[in-house]
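Input: structures, listed below.
In what comes next, chain A is part of two complexes: it sits with chain B in the first one and with chain C in the second one.
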Partner chain A sequence: MILKDEMLDSLLTELSKEQIVYVPKQVNGTTRFAPYVSSDKMKLDQVNTVMPPKDLLFPQTQNMYHYGVEKNSGNMFIDPVIESADQILFGVRSCDMRSFDCLDAAFLTKGYIDEFYQAKRDRLTTIAIGCTEVSETCFCESMGQDPNHAPQADIQLRHGEGGYNVTAQTEKGEALLEKFKPFCEEGEVEVADVHCTLNVDASNIKDNLDILHESHELWDSMSYKCLNCGTCTFVCPTCYCFDIDQENRCKEGVRFRCWDSCMFSEYTAMAGGHNPRPEKRDRVRNRFMHKLNYFEDRYGKMLCVGCGRCIEKCPVSLDITVLIDRANELAQAEETEAAHA
Partner chain B sequence: MPEIEIAHGCANGGEPFIPQVCRIKEIIPETHDVKTFRLTTLDGKRPFDSKPGQFGLLSFISEGECVFVISGFGEDYIQFTVKKVGRVTTRLHQMEVGEQVGVRGPFGNWFPYESCKGMDMLFIAGGIGMPPVRSFAQYCIDHREDYGHIDYVYSASTYADLVCKEDLFENWPKVPDMNVYVSVYHASEESEKKGLTESYTAPFLETLGIEASENRAAVVCGGPSLYRTCSESLKKLGFADDHVVTTLEMRMKCGVGKCGRCNIGSHFICLDGPVFTRAEIAQMYTTA
Partner chain C sequence: MSDITTTLRERARALMEDGTIAAFIGWEAGRFERQTTPLICLDAADTDRLIFDEYCVNTTAKYVRDLKQRGRIGVAVRGCDSRAINRMIEDNQFKREDVYLLGIPCPQMNDRKTGTVLNKCQDCAHRNPVTYDELLGEAMEETAPQDRYARAHLVSGLDRIARQNIFNMAFERCIRCYACRDVCPCCTCRTCFVDQRNVGWLGKQDNLSENRFYGMIRAFHISDRCIECGECERACPMDLPLMAINKKLVEDMNTLFGEYESGMTTDNEDALRSFSKTDLEEFE
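Let's turn to the complex of A and B:
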């Protein structure tokens, strides 16, 4: 089935009558997924938005409950706020699609289900578009993704000359496909596969990082220029750490959670002054280890999808692919040394 | 050799984020900066059942949330013993009986009170490390016939900083087959009157003539330096790493393994812990 380029606006206008359709576009000087308005210019030629789509499921700030004192009884009350709406994420790339697998693992498994996340997750439909170009920081293929195709998406689009090939991949996708039909025609356009130009061997990175001791010089050299600004965690589609805080006015307020960053020293600082990760070296190491080692240990998948945002946005050019390369080399060197000893 | 089995990854699957409203039923001043708060639900029931070593999170209007170990419970209350160190605990210390707070829990795993049955117990606590250890010790005392000889070693900076003095000097010395040893880091008139030794915890522990055996478990809780020094002393006394149990502390926000900050390697202290044996901690650090 083909969706012609000129029909795209009509389709999105139709879809957004019933649901909120998030499309990649420019908002306040940055690209992100935001609700579709027909007069806006979408950024579909963009390789990746600057901001990942994680805030659809895990908003930057999310109210959890209102609290206060009841006027009559004088008792404290707690009113949970669980918000959700039918949402369509349109134009998501394979890497960001894969990031939802990571968020699902963190929020929905291991004993506790995060109902705030689940409420949004259940009502999200995803329409992925295969990449037609790659940027110099894209390395999703090295992390096991296919830039042309996202198997997790409900509907997959691929762009070719004049239009998109449309394929439903899940039940949810089949249902939504009915809405596509009036705007589509039979047939297929020819599409060309793209491939990443940045490649790194991440196949053994977990084991290799296990070989390198915490005190290894690699962590000194990787962290010395880090500013602990937290940009990498902010733009990362899989970073999911959060803080819980409140906004209070007199005797009522709202307790909310908001994105936090493991790059900040306050993140682990305890009352009384002890901090288990006091140096930026400890924090940089923890971040990379969480991405490439700890998360796999716990959930069976890498917490890096190869979108390249952290590489592109880091003000001092800290590069996770450089870390992977160096860790591979150093681990191999240690193993060879151990074999000779 | 009797094995000490600790459950990990304990989740009751219950409501993770929304607290229940509780009322402060009683406040017991322990020291100049430590108070015990007994909390009951608005209809006068115990907020939840918990096992020794589990923790809960407290929040109030304007401040919160913070993690505290449940230091004990009664028919219709659970209690937290809290030292005033930061913003939230300062606010808590200003509260009065009858005021209401939000409570979440119980979270985390618990001390191995089942697999330690029949064993001799050595409890070691320093300063505000008392409440977690007390929760286990009190369980053993309440089920006295299930456990062997009990030693309780406790130290604090000064006499004024000793928590649960009533237990230390009145209740526990009356418990059959239980010895209580107390030391202070800095002697004072009061500590001398009570005949307390002036010593740090680890050297004090080494002088007590407590012998390691396959049938004796040690339970330690205190600050990082106490844990380090006492672990060395226990090793010197011959305690095997899998017979030394401790409870770890990290900054936590959610308590249910989601918010990400309390990890040591791939383990979350809130969900996999906070109770571990020393052998497990050593293993955790080799993979972290």
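Let's turn to the complex of A and C:
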């Protein structure tokens, strides 16, 4: 089924009647997924938005409950806030689709269901677009993704000359496809596959980091230049750490959770002043170990999808692919040494 | 440019080998074309990786703080780096004898994607290092920027509402990663007000009011010390026009307390930390 380019706006306008449709676009000086408005130009040719779509499911600041004391009765109250709405995420790329697998694993498996996340997740429909170009920092293929196809998406689009091939991949997708039909025609456009230009060998990275988890040579050299800002964690589609805090006004308040970053020294600060990760080396190590080793251990997948945002935005160009290369090198050297010993 | 790279490597290596310095801070090539990244040499062999070209966008002086316990630290400095060093000496982060400075007159740095001069370098008034132990290459003739406060025009001269709109637009997209603070050579507080959680100056929620509070307090806090290097704006992943705010404050400092440039020496009298009978009394 083909969706012609010129029909795209009509389709999105139709879809927007019943749900909020998030599309990649320029908003206030940056690019992110934001509600579709027919007059706003979308950034569908853009490789990746600056901000990932994770805030649709896991907002940077999310209210959890209101509490307080009622004025007249003096009774205490606690009102949970669980926000949820039917949402469509349109134009998401394979890497960001994969990031939802990671978030799902963290928030919905291992015996605990995060209801705030689930309420949003259950009502999300995803329409992925295969990449038509790659940025120099894209390395999703090295992390096991296919830039042309996102198997998790409800509907997959692929752009070719004049239009998109439309394929439903899930039941949810089949249902939404009915809405597509009036705007589509039979047939298929020819599409061309793209491939990442940045490739690293991440096939053994978990095992290699098992060997190197205490390697000063690796972690010292990788962390010297880190500033310990939170840029990499906040632009990351899979970083899911949060902190819980509250805001009080007179006799009322709201408890909220907000993104936190393992790059901040405060992240591990304990009551009484002890900090188990006192140096930036400890924090850098934790971030990369979590991405490439601990998460794999616990959930059987990498917590890095290869979107390249951290590489693009790091103020000091600290590059996860350089770390992977370096770790492979050092692990190999260590193995050779062990064999000789 | 390549001869500067060669001299830089030679001198850094010699200084490490003869024990003058314990570490050297410069730049090395990144993974991508025209990309560089800060390099910290702890071993004489590391100095072979040093480079200097027109894409060395990072101001690296702040790393001295992390390394100073190792001994004397060598730093490759341009105008901005040397002013950052002076600034940190004045703020008691380390002493002049703790650093050995290899000065490099700066050709102005370029944006690796567009190849044009970086925003932060466009109104630079001091391309030659203002302090150094050795100068590599010939000092260049300084060209005063046409308008030191060009960036401030984004907000100066506007009425309150228009100005507020600009600040709101900017801080609405702030993600509070604190890259601006972490890269800033003036931001050397032992505990930043942001991290004083128990005092509660700043809420952790990301919203306009908290973001604006963070950005403005930081700007005011460095207003008489900002060395105008523009690193905060370059580091910002959300492209906030931070230098418009900083330059406006620098302009105000100059108007209110007289001609002043931070980081040019180590014995400046910072406007907000010194008293003069001639200070303007606006509230008479």
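Simple rule for what comes next: the second predicted complex is superposed on the first by the 335 of 341 C-alpha atoms of A that agree within 3 Å, B and C clash if a C-alpha of one lies under 4 Å from a C-alpha of the other, contacts with A are read in each partner's own complex, and residues count from 1 in each chain.
Criterion: a contact is a pair of C-beta atoms (placed from the backbone, for glycine too) under 8 Å apart; a residue touches a chain by one contact, two chains touch by 3 or more.
From a predicted model like this one, the values you see are computed outputs, not experimental measurements.
J.: Record, for the superposition on chain A, whether partners chain B and chain C clash or fit.
T.: In the superposition, chain B and chain C stay clear of each other.
J.: First (chain B), second (chain C), both or neither: which does A:G230 touch?
T.: second
J.: On the A-aligned overlay, A:N75 touches which partner chain: chain B = first, chain C = second, or both, or neither?
T.: first
J.: Name the contact category of A:F183: first (chain B only), second (chain C only), both, or neither.
T.: neither
J.: Tell me the contact category for A:F288 with respect to chain B and chain C: first, second, both or neither.
T.: It touches nothing on chain B or chain C.
J.: I'd like to know which partner A:Y65 touches here: chain B for first, chain C for second, both or neither.
T.: first
J.: Take the Cα centre of chain A as the vertex and report the angle out to the centres of chain B and chain C, nearest 10 degrees.
T.: In the superposed arrangement it comes to 90 degrees.
J.: Touch check for A:F100: first (chain B), second (chain C), both, or neither?
T.: Neither chain B nor chain C is touched by A:F100.
J.: Based on the superposed arrangement, let me know which partner A:G272 touches: chain B (first), chain C (second), both, or neither?
T.: Once the two structures are laid over each other on A, A:G272 reaches chain B alone.
J.: Going by the contact rule set out at the top, does A:G111 touch chain B (first), chain C (second), both, or neither?
T.: Only chain B is touched by A:G111; chain C is not.
J.: Tell me which partner A:P315 touches in the superposition: chain B (first), chain C (second), both or neither.
T.: The answer is second: A:P315 touches chain C but not chain B.
J.: When the two complexes are placed on top of each other via chain A, what is the minimal CA separation of chain B and chain C in Å?
T.: 5
J.: Once the two structures are fitted together, what part of chain A is touched by chain B and by chain C alike?
T.: 243, 260
J.: Considering the complex alone, what residue numbers of chain C touch chain A?
T.: Checking each residue of chain C against chain A gives 30-32, 35-40, 58, 62-63, 66, 169-170, 172-173, 175-179, 181-183, 195, 197, 203-207, 231, 234-235, 237-239.
J.: Give every residue of chain A touching chain C within the complex, in rising order.
T.: Residues in contact with chain C: 27-30, 50-51, 60-61, 136-137, 198, 224-225, 227-231, 233-235, 243, 245, 247, 256, 258-261, 264-266, 280, 313, 315-319, 321-322.
J.: Considering the complex alone, what residue numbers of chain B touch chain A?
T.: 9-13, 16-21, 42, 59, 61-66, 85-89, 100-102, 223-224, 249-251, 253-254, 256-261, 263-266, 271, 287-288
J.: Give every residue of chain A touching chain B within the complex, in rising order.
T.: So the residues of chain A in touch with chain B come to 64-65, 67-69, 75-78, 80, 106-107, 110-116, 210, 214, 240-244, 246, 248, 251-253, 255, 257, 260, 262, 267-272, 274, 276, 286, 289-290, 293-295, 297-298.
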